[in-house]
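Shared between the two complexes below is subunit A, which has subunit B as its partner in the first and subunit C in the second.
Right, the complex of A and B next:
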């Protein structure tokens, strides 16, 4: 008996040895694979990345710039949020950027960046991004990587199906996620159904300077317009929006808005509506929304309140709007590079619904309607359906394309990326994500010409992917190599804020035109100090204006006297450097705002209200040179009733 | 002699290139200047290789007490050199034309070359003297004063020709297009001399 027991133990031991061997064998093969992957993401010191990736900041309100494949972060571009690092939203020049009809709103929730296109291909002039909370759209220059314009959207709330651009950047388009009373009024919430409206805004983009103008709003039924994408190629001229809550529930939406088996994709023939509007169609209605423009010449933003918006009742434009039934509260609404397939990512479903643009046109032609909703024809599901991707995954959210006939869809609930084939709808590959992936991005993956080398998956949950940092973690992105038949997870990197979406572009398109300095000779700021001899201090009542210049390694002037308690001191500071990557900072003790980080050739202004008598220092915050520590100065603050004259000096 | 004279006419014309191309170029690279700063020296003045290079070189040089890079009006050379070159071109072409008309012998060709060479050497000597003054005549209140191992103050004279390491900067000084054109033109006059010498005397 004992003997048998021993031999069983020995056998067990042997089995363990074998499995142990197997395990170690596996590990070593993983190791070899990993080192191969390491080479794929390794960008050697001094080398540069192949792609730029612009990731939305989500609740940071900003836009971050990364390199692919390295996952290195290069910059955070302040857009909708005050940014004390540079003084954006704190400086006198940039405060107007954050003006809205609600006053100064120093924060937003930025979601979906989209790069400007020409003929459906990325042209790299601008990148647009939406503010979800207080509906806004921003345009960012891809020459200076600075926010140049923000336009508020009236009659909108939860600006989520935004900001996607048409094939030639004719429009940047924004749909409201929350329908609201239009115009806003005091009414019972439970009278939502049939009374609220969902505005789809078409903001025109000037082809020369990119200036935005809210051209018209389509007042749709009060559903939730979740995401959208433009038609391209043959479907250019159309725009597609996913909807949920076609139930029009106003409470406990997680249950009440999930009752209908199918919601809709709204297909909008915007060319038709544009024509209608150009021929005098539509109704002008009073509105109040901010249009904020940053001028590169004056380095200054201005905010203008607009008072009118042109609205369009979709039922008044026959043939302009149709509903395509789409199962299970679809989230992402994606159009393939050919423009024929419209993918509805039914987020409560296991399957993906793919509509055909050709079949949609045929169904419209044949008037194959399945009733209507608020006067808008509903097409028959079977007549527009191109196919269904039976994936076996759960919770499809968003799809992009590699330009080689494949599509890549994220599945939030089952935490995976699924690769499938357009046309045959067969699943080719699936790879796990870590964890709960939202959107994904292929550089150019939502354009007519994708650069199908990498997929970046943007995850909502991080958990154990990195060293823990307390309860709050950065989000996590995963990089997959998609050049082969099977996807390969090659890298993990944390991302700042909550990237809801990203836009990627080859570095060779952007890098050569990235601006290095602002030319001092072109500085048109009215408060600029263009020569050191113009440096001065002026008093206007209790306002004091300091016209200051900075260059390595001193301020002109650096001694100022005659300031009094109760004064409002404006420092207008011009950086005289004309050398790449030599910014100077300015920080004033006790200033109730932020520092200024001033680029070569730029002028920025900061307000300081001295509250106490004394001699107070200021200094340069950017380690600019070997004499950086010496780059400092003093302001003498005298009692309010003193009669010391203003004086200023340098080196006396 | 005609062939020689044609060469003698064309050769000096190459010197006109000095009015459009830099004579000399000095590049300054450093760890923080992966794209080096540079100055192009013309017979009419000094220009930056990139738009703001002179301003940035001056900005850096102020730390070690160097004078700012001279403007054309600050140095007589930039006024006189263009005249010297202009006159030499005129003289050379005139000699060539007279040679073509058999009014002067080929020996004049060599004469022009020797005169031009002397002027060139004088010019180089003057240029080097300026470089020396520029690099060693430093502001006594300079922010950074570096001494050599032997205790003498470090000077910053850029090399006349070639490469030199100066503090954090790699300095390279080389002739530029204008100088090469001048050299080519002068060589043609030497060739003209020998061709003229070999030509049968009519």
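Right, the complex of A and C next:
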């Protein structure tokens, strides 16, 4: 009995050991895998990320800054939208940034950031982004991470195939998604076909200070110009745009713009057109568009309305524009690091179409045309095609490159990233995304020198990836390690607004150049209070100007009397700190605009129009020191007919 | 859980008291009259010690980039003028001449401090207020209001020192 008992026990024990082993074996392999992945994304406290990722904000109109691989968000840079956090678009200095030909437009839909390049490689001077709704291009300094310039684009609508730059940042290029009458006029909508135009804008970038100038617009047929990318290396001097709605439908595009089996990629030899306009070619036409520039010295933006634009009829420049037939309403238009392959992602297709730049040149040379569209030669599809990627996925949208001969394409409908090989077109790997991926980004993935360590997939749908936050959710992004043959999903993080495209760059290129303070000695703001002895209050009719200084932790002055109901009070406030990360805030009770957040050495101005008699406090909104709570002041507001003189003081 | 009637009564009386307190607040202003306690307060040494701002220490050089500095017998007027310019822009918000403000007045500072200490306080305030005993006491004396690092060059700090000699 005892013996049997022992053997049963032993057997049982053995079974337990075995199953235990299996179980723990499984668990530990999962555990090792996920802990390995955890290590890949773990940035220990006090350590910093390897890459910056700049994500477009979509309907937020702004640009957000993340770290990779941690997925931590560092900053939201206000670009096209008012930003009460800092006062951008509310302060007197920055209101001109949002001026347009439609008046003050305090929002937009920002889409495609692109970092400046030199010789096809990221140089980290500026980042550009397009406003899609009210067509604009913005230039953001990567030294201050502030928007420095916004230029509006006339003759454009739904500024979507933007803002991509040429190999040496000669131009930032912007194409219209919606074709419109040029010039705008009152005409029946159903006369669209043959009458509307699609403007492709070439905005020159000054190599020294980055200043933008709309050099010329190519007036293309009235298709929808969806996305674009520059040629590079051997194809430098060319730019490629995908088109759809070559049907020129003006209603129910969902059906009517999907009739043609093939639309086009427009290949533009911009060097040829540049030469043409430099030699006096093109037609100047009246226009009205805003050019807004923020001056770093005066901390102030100015807005100038421009009244003329140089337009180019592409048929007048032989050899400058060709159409490459591309199946199924192509969306993404991506060029590989060598500059030879132009990838058109037919969004209604399962396959990717890859054109060859070399073959395109040969086809042009051999005049292998398949007719023309509005005078622009259409090249024979078979003669420009390099290959087709048969992926088995559905709804290809965008492609990026790792610099090791591989391409990565997102598939919206089948929610996946597919890795394939340039040249052989074979699919190497595919990984799911969660869910419905739009763009993807490899740092430098749109340049001659990608940093092929990670790919970020930016998804349109989040659903169950995070804790629910009501019906409205942030979007989800997935981070994949792409250093091996197979991609590995290693992290998931939420992104703000709706990131369309993104641009990444190694931190070591940007971080050392990042500005820490504005030097007070270099402050050229005309309303700056550079010494506390200059702090004062002045009246000009019913305008009152308060010249105020701030330092931990008081305002000079902090008691102001003699303001009257009906006055328009301008607070011009200078932060006298000269230490990194000591901003001060300024909040005035009942201010109808916003607060201000003023960086060390910076001057900002806020208008306040007191409506009621009383003694009204203001205070610092940024916890600045142990005595931050003491950083406050009062404004006495007297009746409109009062005769109390202006006076101001501190500590008296 | 039983609640003793006594505690309820106490709660009630507290509620009453708080009502009474509200009425008190209607008075304009208030003054605090410290109640005399029977316990004898142990005198803290700080109370008897000289204030940090008045303490004289002509050996402590402080902590920072300036290790040794000898002043000329005569004041360099040009340098002092330059120092005043920098001082008025970068320092005056907190340090007024001839009166205690956010921080101490600079008048006669070189009778109490070494030139090195003064310059290190200007150039390296964060480390000074955490490590230098005198600077630590000064931070306490001045309400915990930290000396801001104004990012001055050594040359600018030296000019300010020269300006102090003229005060």
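Just so we're on the same page, the second predicted complex is superposed on the first by the 623 of 652 C-alpha atoms of A that agree within 3 Å, B and C clash if a C-alpha of one lies under 4 Å from a C-alpha of the other, contacts with A are read in each partner's own complex, and residues count from 1 in each chain.
One rule holds for everything that comes next: a residue touches a chain if its C-beta (ideal position, glycine included) is under 8 Å from a C-beta of that chain, and two chains touch if they have at least 3 such contacts.
Quick caveat: nothing in here was measured; it's all calculated off a predicted structure.
Applying the stated clash criterion after superposition on subunit A shows that subunit B and subunit C collide.
Of the two partner chains, subunit C is the only one touched by A:651; subunit B is not. With both structures placed on the common chain, the touch criterion links A:318 to neither subunit B nor subunit C.
With both structures placed on the common chain, the touch criterion links A:556 to subunit C but leaves subunit B unconnected. When the shared chain is aligned, subunit C comes close enough to touch A:533, but subunit B does not. By the touch criterion stated above, A:106 is placed in contact with neither subunit B nor subunit C.
In the superposition on chain A, contact is made by A:578 with both subunit B and subunit C.
Once the two complexes are overlaid on the shared chain, A:517 sits against subunit B and subunit C alike. Taking subunit B and subunit C in turn and counting the residues of subunit A each one touches, the greater count comes from C.
After overlaying the two complexes on the shared chain, residue contacts for A:375 are found with neither subunit B nor subunit C.
Comparing the two complexes, residues 517, 551-552, 577-579, 625-627 of subunit A contact subunit B in one case and subunit C in the other. Within the complex formed with subunit A, the subunit C residues making contact are 88-90, 92-94, 101-102, 143-146, 148-152. Contact residues on subunit A toward subunit B in their complex (touch as defined above): 517, 551-552, 577-580, 625-627.
The residues of subunit A lying in touch with subunit C in their complex are 517, 519-521, 530-533, 549, 551-554, 556, 576-579, 582, 625-627, 651. Those residues of subunit B that touch subunit A in the complex are listed here as 35, 51-52, 55-56, 59, 63, 143-144.
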